[in-house]
Amino acid sequence: MLSVGVVGGTGYTGSELLRLLCVHPEVRVVLATSRKEKGRPVADLLPHLRGLVSLEYSEFDARAAADACDLLFLALPHGTAADHVKHLWEHDVKIVDLSADYRLPPDIYAKVYGHANPFPQQATYGLPELRPEVARARLVANPGCYPTGASLAAAPLVAAGLVELAVFDSKSGISGAGTEPTATSHYPNMAENVIPYSVTTHRHRAEIVQELGRLGDVRVRFVPHVFPGVRGILTTAHLELRRDVTPDEVERLYRDFYARAPFVRLQKPHLANVRGTNFCDIAWEVNRASPREVVVLSAIDNLGKGAAGQAVQNMNLMCGLDQTRGLFWPGLAP
Amino acid sequence: MLSVGVVGGTGYTGSELLRLLCVHPEVRVVLATSRKEKGRPVADLLPHLRGLVSLEYSEFDARAAADACDLLFLALPHGTAADHVKHLWEHDVKIVDLSADYRLPPDIYAKVYGHANPFPQQATYGLPELRPEVARARLVANPGCYPTGASLAAAPLVAAGLVELAVFDSKSGISGAGTEPTATSHYPNMAENVIPYSVTTHRHRAEIVQELGRLGDVRVRFVPHVFPGVRGILTTAHLELRRDVTPDEVERLYRDFYARAPFVRLQKPHLANVRGTNFCDIAWEVNRASPREVVVLSAIDNLGKGAAGQAVQNMNLMCGLDQTRGLFWPGLAP
Amino acid sequence: MLSVGVVGGTGYTGSELLRLLCVHPEVRVVLATSRKEKGRPVADLLPHLRGLVSLEYSEFDARAAADACDLLFLALPHGTAADHVKHLWEHDVKIVDLSADYRLPPDIYAKVYGHANPFPQQATYGLPELRPEVARARLVANPGCYPTGASLAAAPLVAAGLVELAVFDSKSGISGAGTEPTATSHYPNMAENVIPYSVTTHRHRAEIVQELGRLGDVRVRFVPHVFPGVRGILTTAHLELRRDVTPDEVERLYRDFYARAPFVRLQKPHLANVRGTNFCDIAWEVNRASPREVVVLSAIDNLGKGAAGQAVQNMNLMCGLDQTRGLFWPGLAP
Amino acid sequence: MLSVGVVGGTGYTGSELLRLLCVHPEVRVVLATSRKEKGRPVADLLPHLRGLVSLEYSEFDARAAADACDLLFLALPHGTAADHVKHLWEHDVKIVDLSADYRLPPDIYAKVYGHANPFPQQATYGLPELRPEVARARLVANPGCYPTGASLAAAPLVAAGLVELAVFDSKSGISGAGTEPTATSHYPNMAENVIPYSVTTHRHRAEIVQELGRLGDVRVRFVPHVFPGVRGILTTAHLELRRDVTPDEVERLYRDFYARAPFVRLQKPHLANVRGTNFCDIAWEVNRASPREVVVLSAIDNLGKGAAGQAVQNMNLMCGLDQTRGLFWPGLAP
């Protein structure tokens, strides 16, 4: 039985971690921290967990957290997470950081996020389908939601050296923007609307460039949108190839690449099928009239495979469990 | 040609007034005020009006407003509106106040709103189907959105002395809660949800009691909800009668009562049919197995007949125009 | 380990049963039937179950089904279910019937449904919080979705003899209407809308009358609506009492009544908190200004506690398992 | 005063034509045809028009229609429309055909639609911003919804010879799929979802290729999606240019190109701002880190500028009216 803690347990990723962990058969959640909600029962803030989680929020204390837990999840804003890693570093505890702080090398991080990481450390980018070395990591940088869906969609074709240009057009549910009400998340603004944002400047582009760049030479474009939905990212990957391909060839590449990836299902992406889960469903279409054009589609739950689910998958691997343990649920359809 | 102004032109009711007035054939909008947005083009804040409204927001000045306008709409929070009425009172200008400040007698107002009205005045409750005297008013108190849909639904049966108990269960689009993002209007909270609020204490109950009480002796219950939609209020009026009725009898009562009401349509309420309009669609069903039970349904656009549309209807009547002038548009369906 | 089968496994209740059962720790699903889809993998029709259910649909055969299974769920249209019960009756197999066929006594059934039940039998109404005798039943009639939410909301006050009139105004997600596309479920008709239906004639009223009538003397009204959501029923119970009550008294009644009901949570109903679960969340408000008026609110997942979840709860009880076994999941919020 | 008719007046484009035309100050609608609904009042099928349209549906008769009308709108399925044109051709009546039958040259039409046009004729492609010759046409082929939003988004840059590759990723409200309930339009399938379809094979691609090909040399990709909304198309045009550009240069190109286009507004696209209107709102962003990448966004109402609104704009031009006549309404926001 693993003892784990969630540092920053009131946002959507923290609450999704608690939702997954409270029914994980190998895990006991012994800690959920929040400075602001210290002393309040978790179920008062997260009433969907009433009856399942009896913890109270406590304030973060590095030594106590490390003593009590085998592994800690950091569900904190970027910048803040690195501070916590610093205080935890001398203690013997594994860490899955869900912020952006350790996803990029320090120099690129500084450029993309506009400030230096206060405590740069070697970390493993926690996309297990592309990074089996997660199993040996002490500090895992859990990927961004968009890069997860985008990288998994294109990886097999990029790794085969086929992709010249990859244009990722992603549509995300609004839960990705967090629990804080904003003009964008205001129902009358979001309903019946699709809103592009950070059109050429979204920080997740750097992660996609990094992960696909390790696999092959490709030019990357990325435009995120929010659509009127709560959970889920549908990514449309418009790929321009270096040569013509056949549907069979593409199918073989995907089947081989994901042969040992239990969370990747090669079927028509439909967000309800992955809702609440750690699955990534992928399908593609070769333009028969112009077979250098391939469109790949992927669907994930942005809070699942795009955040908390993947974090638990990383925990499983880091702690020697089967990666599907406590995570292999059917999607909530309809 | 009437010259009119909108005082408080940035919220949803102010913006809906501008939307209706900018294409009204007998009206010139010469003024839109906002302290906060003073000097900015209206179309910068309300880009759906780009190309149609070239005004800039100005700061409210009572004398200048009264000089420039035949009629002013006050789209202000309650409390604030009365202050503006006070400054306008000595000037020669008609007023339609969309706040709650003049809807109730001063003593009831003080009890319901928890403070005295700083400038109590005689006003006419602006529900023209029940109050033809609107045409002679200088100051009209535009009704609340819920009381409009509820009172119109039950009025014919209450006026016939038939209704003992009226339980109004109303479902409103979230635009009724205003432009300010809140936890309730946060998309992930509102989507796939129906949220009751002010369950036994909503202030609009007093208006329904007042308007139906003028027509007959009836006990009133009222519970408002928001549902995942932007515009529209569907009111389900569960009526317990004093005696059995027949469907024919009820039909006759409604046809007679609304014979000269161009904005009341006796047809199955469906919110899209009234979207963007000043219509109130009404239908009913007598329980054949227990004919003292009648359920009446009404549909309005909360920003239309429930606010700005009705305010323009009142303006038309106060200024001697046909009440349908500039208001007789088809609903935006689908 | 129980062996169970789902007869009629392609609709929403059948698919929800499979979703719950495929991860139930004491259950093996050995059968899913569909005449139309015979021979096709379940996961082709229900791709959210891909990787979790490897069954193929087969055609129903009473003897084979009874031989293979300890318990069968019937997820069939009313009328059809009774036919299946008839063929199963001579075999030794427990049955949870999710249709309406055994919820009412034969005479009332015939009146409400317009035809006689072709195979009337003694069955237990499967609302375990009100009917502990479920544990001894061979044939359980799983309740309707609306009656579950409505009866649980009002039961404590009705059982205390306090309620004179109960007006249930229910708002359901559209999944309750089934998988078949209709004009009502057509997205442009349902979006931004609330649609009342069967306003005074819905068949579920008879179940509410039956269950509350066992507890006390009460007049029942019931109007169902669909709102723009997929799962969930929010029921607003407008209760007119026989005498004044205090909030404390009401609280005590609810706490006592549901003291041993693990799936009833006395907290503010919010549909996301019960999404995908078997919980029923209940709260109430006494009108302080008029303390004979109490409004009670309940939230369930219409496919969970309103159908498949409750069916699994009944299975647990009928088979000697703890009623929460395989069912105690947190709601999918947000 | 023009006399006009709508042939095929029961679908969404036919009903939107009636909605626009019934309040058009220069138009009298004298005819609405439907074989199936012959003899029924239009307002029974389209209750949002109750009080505004008193016509009954009649059966189509070419001679009678041509005698009664100066101009006919054909809101019919492709294939059927050409048949009607054939019967109308010898009569003196202008035609705006909203089907696909006359949008493409006969040879390309046959390839794309899989059958020859039964009555090929010279027609003008009715995208007035690109085709001023509409004013002299007798038969106008009203463009597809997607091609309108896509072509207007990219036209200025393509006409400047700058665009090498244009990847159009379009997100449409589901009303584009028509009034007939389908699995895709079934609320539980569409809600909380984004559904790509005809991923590399959508027929509208041929129109985009045609219209942009007239302006410059460009490779076109196009993937349509439906999102959970009723009206509106947001098109994200990912453009790969032949050389670096500056934001100022791009701004100048758009301002010049659309200087005389009253329905094109150069402002941030937000679907509510164009809802119910004939506007196309356009904005763009040059990637400063890689200035050969430009992303252009456009927003239209698929039933407005994407269908009926544009048809009325074409009517205005064909009949010598100002193109904005009866069409210059503010969008229905929020």
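Things worth noting here:
Read from first to last, the chains carry the letters A, B, C and D; within each, the first residue is number 1.
The rule is short, and it goes like this: contacts are C-beta pairs under 8 Å (C-beta built on N, C-alpha and C of every residue); 3 or more make two chains touch, one makes a residue touch a chain.
Computed from a predicted model, the values in this text were never measured in an experiment.
Because chain A and chain C share one sequence, their contact can be compared position by position; here over half of the interface residue numbers appear on both sides.
Here C-D and B-D were compared by C-beta pairs in contact; the pair with more is B-D. Of all the chains, the one whose CA centre sits at the greatest distance from that of chain A is B.
The distance from the centre of chain A to the centre of chain D, each centre being the mean of the chain's C-alpha atoms, comes to 39 Å. Note: centroid distance chain B to chain D, computed from Cα atoms, is 35 Å. Centroid to centroid, with C-alpha atoms defining each point, chain C and chain D lie 46 Å apart.
Shared interface positions of chain A, i.e. residues touching 2 or more other chains, are given as 12, 173, 175, 188, 191-192, 228-231, 270, 272, 275, 334.
Residues 165, 167, 169, 171, 173, 188-189, 191-196, 199-201, 221, 223, 225, 227-232, 234, 236, 238, 240, 270-272, 275, 285-290, 293, 295, 297, 334 of chain D are the ones that touch chain A when the two sit in their complex. Touching chain C in their complex are the following residues of chain D: 12, 173-175, 179, 181-183, 185-188, 190-192, 228-230. Taken together, the chain A residues at the contact with chain C in this complex read 12, 15, 19, 22-23, 46-53, 175, 191-192, 230-231, 262, 265, 267-268, 270, 272-276, 279, 281, 328-334.
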